[in-house]
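Note that subunit A is present in both complexes that follow, paired respectively with subunit B and with subunit C.
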Partner chain A sequence: MSAPIIDIRDLSVGFTARAGHTQEVLKSVSVSVHAGETLGIVGESGSGKSTLALASMGYMKPGLRKLKGDVTFQGTDVFAQSLRQLEGLRGGKLGLIPQSSGQALTPTMRIGAQIIEALSLHCHLPASECVSRAEELLDQVRLPDVPAIMKRFPHELSGGQQQRVAIAMALAGEPDALVLDEPTTGLDVTTQKQILELVQDLARERNMAMMLVSHDLGVIARCCHRVAVMLYGEIVLEGPSENVLKTPDHAYAQKLIDAVPRIQKAPATPKPAKPNPPEALSLEGIGISYAQPSFWEKTFGKVKQDSLTVEGINLSLGKGETIGLVGESGSGKSTILKAIAGLMPAAKGTIRVGGDTMLKPTIDRRRPEELRRVQMIFQNPDDSLNPRHTVAEILAQPLHLYFGMTGQKARDRAADMLETVRLTPAYLDRLPRQMSGGEKQRVAIARAFAAEPEIVLCDEITSALDVSVQASVLELLAELKLSKQTSYVFVGHDLAVVQQLSDQVMVLRHGRVCEAGLVDEVYANPQSDYTKTLFDAVLEPGM
Partner chain B sequence: MTDAATQSAQARRPSMTIRMLQVLRDLVRRPSGLIGLFLVVMHVVVAIFSPWFVPYDFKALDSSLILAAPTPEHILGTDALGRDVLTRVLLGGREALWVCFLAIPLTMIWGGLVGVYLGLRGGWVDEIAMRIVDAFLALPGILPLMVLVFVFGAGNEVLIPTLAFFFGIPVIRVARGATHDVVARDYVLAARARGHSRASIMWRELLPNTLDVMMVEGAMRLSWMLLTFSSLSFLGFGVTPPTPDWGQMISEARVYMSLAPWGVLGPMIALSSLIIGVNLTADALAKTLGIDRTRKAVV
Partner chain C sequence: MIDLLVRRLALGVVTVWLVSVIIFAGMEVLPGDACTVVLERDAQGEVLENCRKNLGLDRSAVERYLSWAAGAVRGEFGVAADGQTKISTEVALRVKNSILLAFGALVVGVPLAIFLGVVAGLARDRFPDIFVSTAAIFAMTIPEFVSATILVLILSIWLGWLPAVVLTPADAPMLDFWPEFIPAVIVLIMVMVAHIMRMVRSSVIEVMASEYVQMATLKGVPYWRIVFKHALPSALLPAINVVALTVAWLLGGVVVVEVVFNYPGIGRMMIDAISDRDLPIIQALVMLIAATYVLVNLVADLMSMLFNPRLRTLKMRAK
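Up next, the complex of A and B:
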């Protein structure tokens, strides 16, 4: 076999922690990528996978340094190069496609100008040829109407289009190798599928070596020839992707793969038909507008019907049931949650809880008792817990507000709540930054349940978590649902997660209901074309 | 008390005092913080204890020694009335520090509370209030102060609230900006969704998370206020003679600057070292707390 394009030998990277103690981020890592081959690097957050990918380009985040080992690219030692030589290499023969390309593109430059800049830096083309070459590149990444795209600014493109532009820029230097750092994270499933297909096609056409970093095993399984699984800065398992993903002979890799939720085409145990439970939540003809009504519209009670972002939402949810809302970003699924919570007033329609109580559209017109019955859990626990409050203070807030508990009484109750979410009372005095992502989300769940709600609104609550943590949080939610007979409205983009937890599902597109029904029926036999597209775009390891 | 409760009571999170001590420790680890804090502490110590160790009476006139050059008896020479300059320099910061140290907390409390409230409230109330703030900011800083002192007299009971009021206006802007960063966070949204009152959201969610910005802002405002106070004295609107004050001393001595430069140099060095000290401390504090002052510009 020919020499590898990127060859990493025995690489250790670390930083100096307090008192001269060195903390290793990468521990004696060795991997190589050959021409035409795609290596997937998978691991949970903090496993060092991004550090490894950037180190292959000779880049280290500030504070990190190489402790030992070598990185060679086409036979040249990357770390022995001067900064100037490295700059020639990066973006030239060695391209990087970063995670959020929307932020990697210069916001004040037109797309065409940015690509031409990349071309003139690496290809030394005369200005006259740059434009036609730039158009050629944009055409290669399958962007429609290239001349128009050239004139646009980054913010005028969708996330998927921005990622395509980033790929085109990486291709400008005729690279022999590409490093992709979470290239599709943050994109919708259908867009993700298209981007991955594009990258694979390009790799094949140009016989490039690719290093693909992702936390998503589905993405890795879809694209990679070989896979390296990372854990705490070490590669614990490496091999051809079929072997690693189907029959991993490492306990952690096995756990990681098992934790990935999969869509079950035919449910092994059909969910028992419940005797019609009493209604917990019902929405009738809900319409929501992003544009807040102006003073005149409010005064004369006139709402323009055509300006509604979300319209015609009807749902009825029984006690202890879950409805999953799925759809791409911008489909209005989170907006519906906000309307139920009163954070974004519904312009029309009615919201009822417990079959009888009608909820007013805004929070300040709802009574505390009504507010208590509907609680919300947010996507990112880093953002939903006040960084200056201890867990005890966080949990005391709903206890004080709804039940008037203070002092030791609130503290005892908070300790009980922690136990319901499988945390010990020792967490009471921790600050959010002293906890892991999964622990923080458990605290957020405990805070919602402290209000003893009837309905819990979950907004993508597992998407910021690692797969293994996600599995345990979902398990906890399922348990709480059984023991407390709570109803969930669960917003998710991961169809498998939604299936696992839900009884009903509603597929949304552009703020309208595309398809709705019982989970088992919709998943087994999707009716609308859009739902079918969504299912087709799902990537699972071992498919 | 249960076992778990006792256990956790021992492991309480660091209290406010401990946090302040930690900030202080990180502060003196930076050269700018160390130098700045040294200068400030030195001035404060001198201001507190100078009445007990000044060499002469600050009022004592000596007609035989008018504008005398420095000698071992009068290290910084004497002024136009034959008073010892060193004595007056040592005592000259007392009024400025006393007034500003009292006025700054008032400034930060009123400006901070109004700013945080407006940041949370938004809407037309915010819109109107900010236009009023803009109108005040358009006034040349010292002019309204001079008018008020002229009308109501130069006593501390006038100066402190007046300074606090006018210095609080730009603080409103900064506090409102800091609040906008916090209001967008999900924990504020969560509190709103639970139905907490606006006061509760301000107290629990917003104020703790804008405290760092406000601390740095307070330190910056202090240096401006010291300078403004001295400017007022320089213009004759501050401390009433014969109480010594740096601004007033500079104003009196500048007439004889070519004859007796020590009369100006002494109070000038004292005033600038204090202001540089406060500025350095504020800078180091901003860096310690991770607040980017280039982005959150002081208005």
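Up next, the complex of A and C:
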């Protein structure tokens, strides 16, 4: 076998935490990637997988330093290179495809200029050829209308297009190896599938070595020849992906793989048919517009009805039932939640709770009692919990607002609520930053349930969490639903997660309903082409 | 874009109009009027009434506001309380002097502030940054009258290079203020550079830690090219608004500095008018300063829109 392209030997990376005390982020890691091979590096947040990927390019985030070990690229030690030599290597023979290209492309430079920059740095082409070569590259990553894209700024492209531009930029240096740092995180399933296909095709054509970092085992399974599983800065398991993903020889790897929700083609245990539960929530002909009414329209009460972002949404949800809303970004699924919550007024249609109470479109026109009945849990607990409030203060707010509880009484109730979400009362005096992502999301769930709601709106509430944490949060939601007979409207992009929790499902596209029905029926026998495309794009380990 | 411009202009006009109403109402509420000020102890009986009739003060407040506002729109603010000085001529003279001072401070101060801010931001927590940032805190916290006095002590009394105060009359040609206005300019620069520099520094630090700068590094872009092509175009955007505020502050009359150095600008005119209870002049100056603020902020917003592709295309697409 020939020499590896990227060879990492016994690498330790760390930072100085307190006077003299060194904290290791990577502990004696050794991996290598050969030409034409894709190595997957998988692990949960904080496992050091991105640090490893960047270290292979001789780069470390500020504060980190190499403690021991070597990284060689095509036989040269990258940490022994001068800055000048590293500049020639990075973006040249060794390319990077970053996590979210939306943030990784310079916002003030046009797409064309950024690609031409990479070309002029690494290919030494005359200026006249740079433009045509840049257009060629953009064409190669299958972007439409290349001359127009060249003139755009990054924010004028969609997430998938931005990622394609980043790939074109990496290809500009004619790389022998690519480092992909969570290349599809944040993209829709269908876009993710296209991007991965593109990268794989290019890798095959150019016989590139690739190092693919991802927390998503489905992505890893789809692309990688070999997989390394990381935990707390160490590689705990490495081998051909077949072996690692199907018969992992390590307890943590096994746990990680088991935690991945999978779509059940034929429901193992058919959900018991409920004897028509009383109606908890109904939407009739909901239409929502993002267009802000102009000053004149507001003054004279004329609101245009023709530009509705979301239209024709009808649903009826029974007590203790869950409806899953799925669709790609921009399909309007979160917008519907906001309309139910009153955060974004519905331009037309009616929202009813408990079969009788009509909800006003805007939150400031709803009575506290009406507000109490509908609670929302947001995607990212880092954004939805006040960083300066303790858990006790966070939970006391709904208790005070809806039940007038204060002082010790509210504190006792808050402690009870923590126990319902399986946290101990010891968390009462913690601040959000003193908790992990999963714990914070539990607090957010406790806050929603403190109001004793009838309907809980969940907006992608597990997408910011690691798989193993996601599994336990989903379990908790299922438990609460059973014990409190709460109804959920659950927005998710992961079809398996939605299936696990929902009774009904609604597939949305461009703000219109594509398909709706009972989960078991839709998943077993999808009717619309779009739903089928969505199912086809799902990546699962061991498929 | 045009739509936005028109709307912002209209809003600006409304703001200035509201200021005019508030100013006029405020002056109405104050006891006494121009006649009681001019006549002082004689202000009673027939003399007072005649004076009021002559000046048109016997009309209703609304009528007086309308005629004043109509004049203000044409740039005519009537005569000062002494009954002779034409306010517009005097104000124009002072504005010219204030612009001279502001111009001097801006031409030197803005480039200097941006340079220092970028240097400090790039060298975060190392020697140049610590030195510049500490100096900036001193420059910001020392009151202008203290730094002005110290400057006079050093430049005029110990070194004897420059006169301590400006003796040139207000209506002298601009060149006559050279070099007398230098100490005043230096004090202004000290204050404004500190503010702008700190803003630029934190913005540079933020942008240099951004993902796109990391990406540029990993694309093999040399350091200085990253700084100039990738980082600074974004990092300097927030500076536009701080510079605008500084411009408005400078043009709106830097009272303390003008008084300390006896510089005949708007700030001193304002102070003099207040101590003389010269209501027409105060009204005219406040209107002028309000209009300046509105205009400068409008220009700043349009400039940030012009330089920020995100804002620019967002507005265009929204149309």
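Throughout what follows, the second predicted complex is superposed on the first by the 532 of 543 C-alpha atoms of A that agree within 3 Å, B and C clash if a C-alpha of one lies under 4 Å from a C-alpha of the other, contacts with A are read in each partner's own complex, and residues count from 1 in each chain.
One rule holds in what follows: a residue touches a chain if its C-beta (ideal position, glycine included) is under 8 Å from a C-beta of that chain, and two chains touch if they have at least 3 such contacts.
These figures come from a predicted structure and were not determined experimentally.
Residue contacts after overlaying the shared chain place A:G91 against subunit C, while subunit B stays out of touching range.
In the superposition on chain A, A:S384 makes contact with subunit B only, while subunit C stays out of contact range. In the superposed pair of complexes, A:H155 makes contact with subunit C only, with no contact to subunit B.
When the two complexes are laid over each other on chain A, subunit A has no residue in contact with both subunit B and subunit C.
Interface residues of subunit C, counted against subunit A in their complex, comprise 209-212, 214-223, 229-230, 233-234, 308-310, 313. Of all the residues in subunit A, the ones that touch subunit B in their complex are 341-343, 363, 366, 368, 371, 375-376, 378-380, 383-390, 392-393, 397-398, 401, 408, 411-412, 415, 424-426, 428-431, 447, 451.
Chain contact summary for the complex, subunit A toward subunit C: residues 54, 57, 59, 62, 83, 86-92, 96, 98-100, 103-109, 117-118, 121-122, 153, 155-156, 166, 169, 173. Across the complex, subunit A is touched by residues 1-2, 4-5, 7-8, 11-13, 185-187, 189-196, 200, 204-205, 208-209 of subunit B.
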